[in-house]
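Order of writing sets the labels: A, B, C, D, E and F. Residues in every chain begin at 1.
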Amino acid sequence: MKLVTAIIKPDKVEALRQALTSVDIQGLTIVEAKGYGRQKGHTELYRGAEYEVHFLPKSRAEVLVDSADVEKVITTISDAVKSGKIGDGKIFVTEVSEVVRIRTGERGAEAIK
Amino acid sequence: MKKILSFLIPSLLVSGIASAEVSAETAFVFNTFLFIFGGILVMFMALGFAMLEAGFVRKKNTSAILLKNIALYSIAGIMFYLVGYSLMYVDVSGWIGSLGGAFYNPSADELALLDGAENVAAIADTGYSVASDWFFQMVFCATAISIVSGACAERIKVWPFMIFAAIMTGIIYPIYGSWTWGGGWLAEMGFSDFAGSTIVHSVGGWAAVVGCLILGPRAGKYSKDGKISPIAGANMPLAALGTFILWFGWFGFNGGSQLALGSALDAVAISIVVVNTNIAACGGVVAAIILSQIMYKKIDLSIALNGAIAGLVAITAGPDLTNHFTSMIIGAIGGIVCTIAIPMLDKMKIDDVVGAISAHLVAGIWGTLAVAIFGGGDFIVQVIGIVAAAVLVVPLSAIGFYILKATIGLRVDEETEAVGLDKAELTTVAYPEFN
Amino acid sequence: MKKILSFLIPSLLVSGIASAEVSAETAFVFNTFLFIFGGILVMFMALGFAMLEAGFVRKKNTSAILLKNIALYSIAGIMFYLVGYSLMYVDVSGWIGSLGGAFYNPSADELALLDGAENVAAIADTGYSVASDWFFQMVFCATAISIVSGACAERIKVWPFMIFAAIMTGIIYPIYGSWTWGGGWLAEMGFSDFAGSTIVHSVGGWAAVVGCLILGPRAGKYSKDGKISPIAGANMPLAALGTFILWFGWFGFNGGSQLALGSALDAVAISIVVVNTNIAACGGVVAAIILSQIMYKKIDLSIALNGAIAGLVAITAGPDLTNHFTSMIIGAIGGIVCTIAIPMLDKMKIDDVVGAISAHLVAGIWGTLAVAIFGGGDFIVQVIGIVAAAVLVVPLSAIGFYILKATIGLRVDEETEAVGLDKAELTTVAYPEFN
Amino acid sequence: MKKILSFLIPSLLVSGIASAEVSAETAFVFNTFLFIFGGILVMFMALGFAMLEAGFVRKKNTSAILLKNIALYSIAGIMFYLVGYSLMYVDVSGWIGSLGGAFYNPSADELALLDGAENVAAIADTGYSVASDWFFQMVFCATAISIVSGACAERIKVWPFMIFAAIMTGIIYPIYGSWTWGGGWLAEMGFSDFAGSTIVHSVGGWAAVVGCLILGPRAGKYSKDGKISPIAGANMPLAALGTFILWFGWFGFNGGSQLALGSALDAVAISIVVVNTNIAACGGVVAAIILSQIMYKKIDLSIALNGAIAGLVAITAGPDLTNHFTSMIIGAIGGIVCTIAIPMLDKMKIDDVVGAISAHLVAGIWGTLAVAIFGGGDFIVQVIGIVAAAVLVVPLSAIGFYILKATIGLRVDEETEAVGLDKAELTTVAYPEFN
Amino acid sequence: MKLVTAIIKPDKVEALRQALTSVDIQGLTIVEAKGYGRQKGHTELYRGAEYEVHFLPKSRAEVLVDSADVEKVITTISDAVKSGKIGDGKIFVTEVSEVVRIRTGERGAEAIK
Amino acid sequence: MKLVTAIIKPDKVEALRQALTSVDIQGLTIVEAKGYGRQKGHTELYRGAEYEVHFLPKSRAEVLVDSADVEKVITTISDAVKSGKIGDGKIFVTEVSEVVRIRTGERGAEAIK
């Protein structure tokens, strides 16, 4: 199994949810984050003084999937949140050695079905 | 039914025909009530300051600033009772009052009246109840120290601040007050400051400047390379709440400073004062909005709020000038000088958390001069009064702050500042569930 | 000591025996003070609206709504001074006033009095100080535009809104005002609207309807498939704070609208008005709570708060009706019509952020009719007055909004709306440390 | 211009020379206005309680406490109108009033006056307008139940609470009120409780104790091993806001309880009451700050805020004592007993969310005794009055709470408590965007 | 070493902490999250309009452990937070190639002892 | 590629950002967290009652890097946030099998350049 993590714009969370549901991925965890990549923050003003804002608000989305579904999920996420503009975000995939559904004790692929 | 006002007047005439004047006792009641009414409104300004300041500090220092505000109002109430009122008003020699009225209490005549004496006429001739006057004067005293708490927020230790509040309200403010409202040398010269642009706001403002300089700026505000890193206030609704409450209370501050309601003349005068107070604040807001848009291409809410205060402070020296248009202009210029002063103070590395120096000191000086400019006083005398405030308050408050610094310490250490005063000096975090 | 009241009366008699009536000058002071007192309370309602609206918008638009509120009150104060008061009250022809009183200032007689003339009797006969009356009328004008800001929140640009506020307070409101309180044709017909259910609240409400329609709903509120996605207000304590402040200020709004305090009759009338105002709000709250429980199986706090406002708006046309029970019912029905109107407006895709249209316009119409129903006015005349407000305000505000739309634009673009007005149009984020 | 007061007095004399006294009608206006003014201030205390309580509860129960507060004020307004005022003041037999004044309305004489009768003199002799008195008494009634809502917060169901509010304001409070202010047996004994340390605050406090005991503590507050897990209030600025508003309103609570303003004597008395009220609160704050620093090595803001309330409650029984120093001490001791009571109640596992029992009941008992100690009443009689409150309120409110418990249930279930009342009983989450 | 991540109900954090302490696992990081799995959100009402809440508040707990302790930790977490009802949450395990204790610079298993 | 995660003190985020920028690592995601390790929380007082605070506020920083850069990043982070006192935090490294830059669709090492 794999964990697909995506750092996306906060206003894309709803689109992401709908897209994942439509491809039958039934689970998602979101955490509020802030970050930067190529997109570098910007200057703001407060009481006449300029200052740099380095971090931008982002949402960090995690989806546990069967290894077979990884590509599908990557494409789904990309399509759902992509605007082509800087700041669209990143997706990365890590290996998961075990998953447990707490309620039932099911393990492995069963636990994410 | 409004305009239908004209229908009402005959009935007034009918019922009022017998005696046309206000009786002495009726005037006594009106005057006393004005002090109570105005005093209550000014007391409410303590909340205005508390909310304004709680809005402008960071989350981690919010409980501390709330505590300082309720403490300073309480300390002012006690110190002014113990010695302040006496130093300011009792047997003023020209340079200072005496301690003859310490532990100020009702007059013997008033106590006799309450005990059943039939000395109503004698009482009525005094014009107002002494306790009502005391109350009204006390709340002004509290305002002066409120200004300091905001400017020095987020780094001054709680206990030293409370001790300074006692010094300010028990000694410094009363001395300058005795020179002016107490009837001392500045009053004799003809210094004109209706409700205290200088007497309250500049006096508080000077102490704030001294405090900010001795404390130094908050960690991280000014970097070595000259850059300014603004530290945004945590809660703008609180700042707006505080500003509106101050505006509301200011009707008591300026209106009550007519000091009498018991005649048509007084009623007319207060009405004019109220209108001028309001329109000056309106001018301050609009000017600050326009100017911030021009200077920064966007509107700065925090500056608009400061603009309201600056407009109010500016009109406070002369709200009895009889042309409302003038008042609007005085307020608008107040808003402008405040808006300009804010970044200038930052350039001077004076870190005033809430803009108190710009809104109270700078606009207070402007307002005091404006009285002369618009024909309500002598320019030279106004300048002398303004300078006198600086000459008195700066050294006295510097001595106070330095003694505190040398003894129990004035500023929290770096670690405390990073963690926040709420955790370090209080047990109470302001927003424990919001992170 | 309470009931012990009976003990007091003899002493009153003793001291009051000489002359039984209120002297003309005393009445002048009372009347003037009522305007000041009432005006200050109504001024405070500007804060009530600001807090209510700040509670009902999302975090990202909070600074913008606070700015709009302090700006609109300031603009109202200036525009009503420049032209509004004059158009509403000076030389009203029946259809509109004149510009003869623009830049409104104290009367020559009052200025003379302040300068030492002994014309007290002449002044006393005018019944009240003109500045106090101006102040009281001005704060009403500000209320009308407050209603618009809430309904149109979260999408109207700041500058166009401020310009509309100037039009509303300088022209639209004064014209309808001249027809009624100014003594124009509706007043002559006998239109009865004691403190302005229609004159203030419906007028504001109609402009709010027009604004909402021209602006369109907030992004995401109504989806194409007809579903409604409610957008919850960010800060319910602020909304409750605002509601209570409005309730508090309403005692000045309705009580002050008696326009005189200088006789026993006026004092009695104001007392009744105050009690009715209060009990109508109580009725509105309780009705809204019960109805929301019935309709939704749970209580909706935001509807209960709207219920209070609706009860207050409903009683505003006739708080002088002398039966308190009637007032309670009028308020309760106000709460009910408001509660019902809220989802209905949503069905009509009119996106009113704070429920202003339901609470001010719908309940205002009800209240104006209620006066006739409970014997305080003629039904047909009341309907004419209500319709006249719509016929005047809808086209005028539509013209205003459309011109703004065609020129500088009225609504923020999609991206700005997503990011929030605070970042796009202001420099000031409301809650920078809360995410 | 201040001290320049002395210049004003001659002019007062000039205008006031004709008749020295206050005319009966003028006194009537003053007295009536005092009730209105004081009543409006006390009404505002409902907001103070709402904000204080909203600050002390957790986020998840904030909308529920706001709702309870606006509901209880509304219910009090209706119940006191329907039966409460009558039971308290109309034909009091010594033990209870009658229902003769249910659905309380203006007097026939007053209605005649409004209808054009020329019975001004007869009206003036009654001293004040009945509606103004009703209003002033009603707001006191609402205060009593406000105390209960805070103590029992975060676990009492909304509907049962509202029913209890109706019982409290319609029956329990009026009965004790009839014994005292209504002129019943305690009044006849000479029980001295100027503005209600016992009559309002202890009565509310006893009901709060009963409520807390029957409800039990919030889940997680006291663990089996005897440990206390404090549950921090979510929003300290709201708690401070509420405290300042209560302080502000208290000037009406105590000042208005003089019940007359229409003579120099009354004006003097009210001035003294206002000063004492203020200085007692100052004493309470300072004492609570110092004591919390000593006890806990850090200052507890929430205790400082409670100290203000405790000082105010303590002085409420005797703010007419004429020495301000005494008042300061009474307030300070109020702050001390409250500060000590807070951890003691926790040891007794009485879970009072806002410190209402410590601030209102404990300080209220102290204040009622203080009147006797400082020469304003008989000690035994004061004790009888205090005990009588407990003897009346404890069983009656226990019966009320138990019936509710047995029928519709009093406390939310575990799951609801974990999720929060806002989601379970209301549709409205207080801070949906703050997590 | 392994990283055990658990998505649990927010009100179970305290129970989790106690349970881990009792089996001598001395380290835990918690992040506030929102998510859905089988448990699907619900409808709420606001001002008379119904709307769907898709995400439920969750807490995301991370524990770094020695590979040998993984099963113990999974069982401990499951036992501590399980109610048997839907929404109990998920546990997943990922491989960690290096751990550093910043204060001391210790690496690997040493760093989590 | 690797994911380097660091649990640090919240007031060190700015120092971390500057340090990473200075070694040319152009991407960072931060999440607010709370946790404990050796550093155990402390007692606080509220209204006279003492209670234990088990969790301390922390920030959780994630950096996606090329495998070759891992040591450099570990050292950079350590140097930037280390005070030598308890509570300095932890760094851990996990393997990442795929990275996608959403905007361009670039994959692998390209996506984090």
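Just so it is clear, a contact is a pair of C-beta atoms (placed from the backbone, for glycine too) under 8 Å apart; a residue touches a chain by one contact, two chains touch by 3 or more.
Here the structure is a predicted model, which means the values were calculated and not measured.
Between the contact lists of chain D and chain F, the overlap consists of B, E.
Inter-chain spacing, taken between the CA centroids of chain A and chain B, is 52 Å.
Annotation: 30 Å between the Cα-based centres of chain B and chain C. In chain A, the positions touching at least two other chains are 31-32, 45-47, 94-95.
Contact with two or more other chains is made by residues 15, 19-23, 25-26, 37, 120, 232, 235, 241, 262-263, 265, 296, 298, 300, 302, 427-428, 431, 434 of chain D.
The chain pairs satisfying the stated touch condition come to A-B, A-C, A-E, A-F, B-C, B-D, B-F, C-D, C-E, D-E, D-F, E-F.
Those residues of chain E whose C-beta lies close enough to touch chain D in the complex are 11, 32, 44-47, 57. Within the complex formed with chain D, the residues of chain C that make contact are 1-5, 8-9, 11-13, 15-23, 25-26, 30, 37, 41, 58-59, 120, 232-237, 240-241, 243-245, 247-248, 251, 255, 261-272, 274-275, 278-279, 281-283, 285-286, 289, 292, 296, 298-302, 304-305, 308, 322-325, 328, 431, 434.
The touching residues of chain F, counted against chain D in their complex, run 45-51. By the touch criterion stated above, chain B contacts chain F in their complex at residues 418, 427-428, 435. Contact residues on chain F toward chain E in their complex (touch as defined above): 2, 6-8, 31-38, 54-55, 58, 60, 70, 74, 77-78, 81-95.
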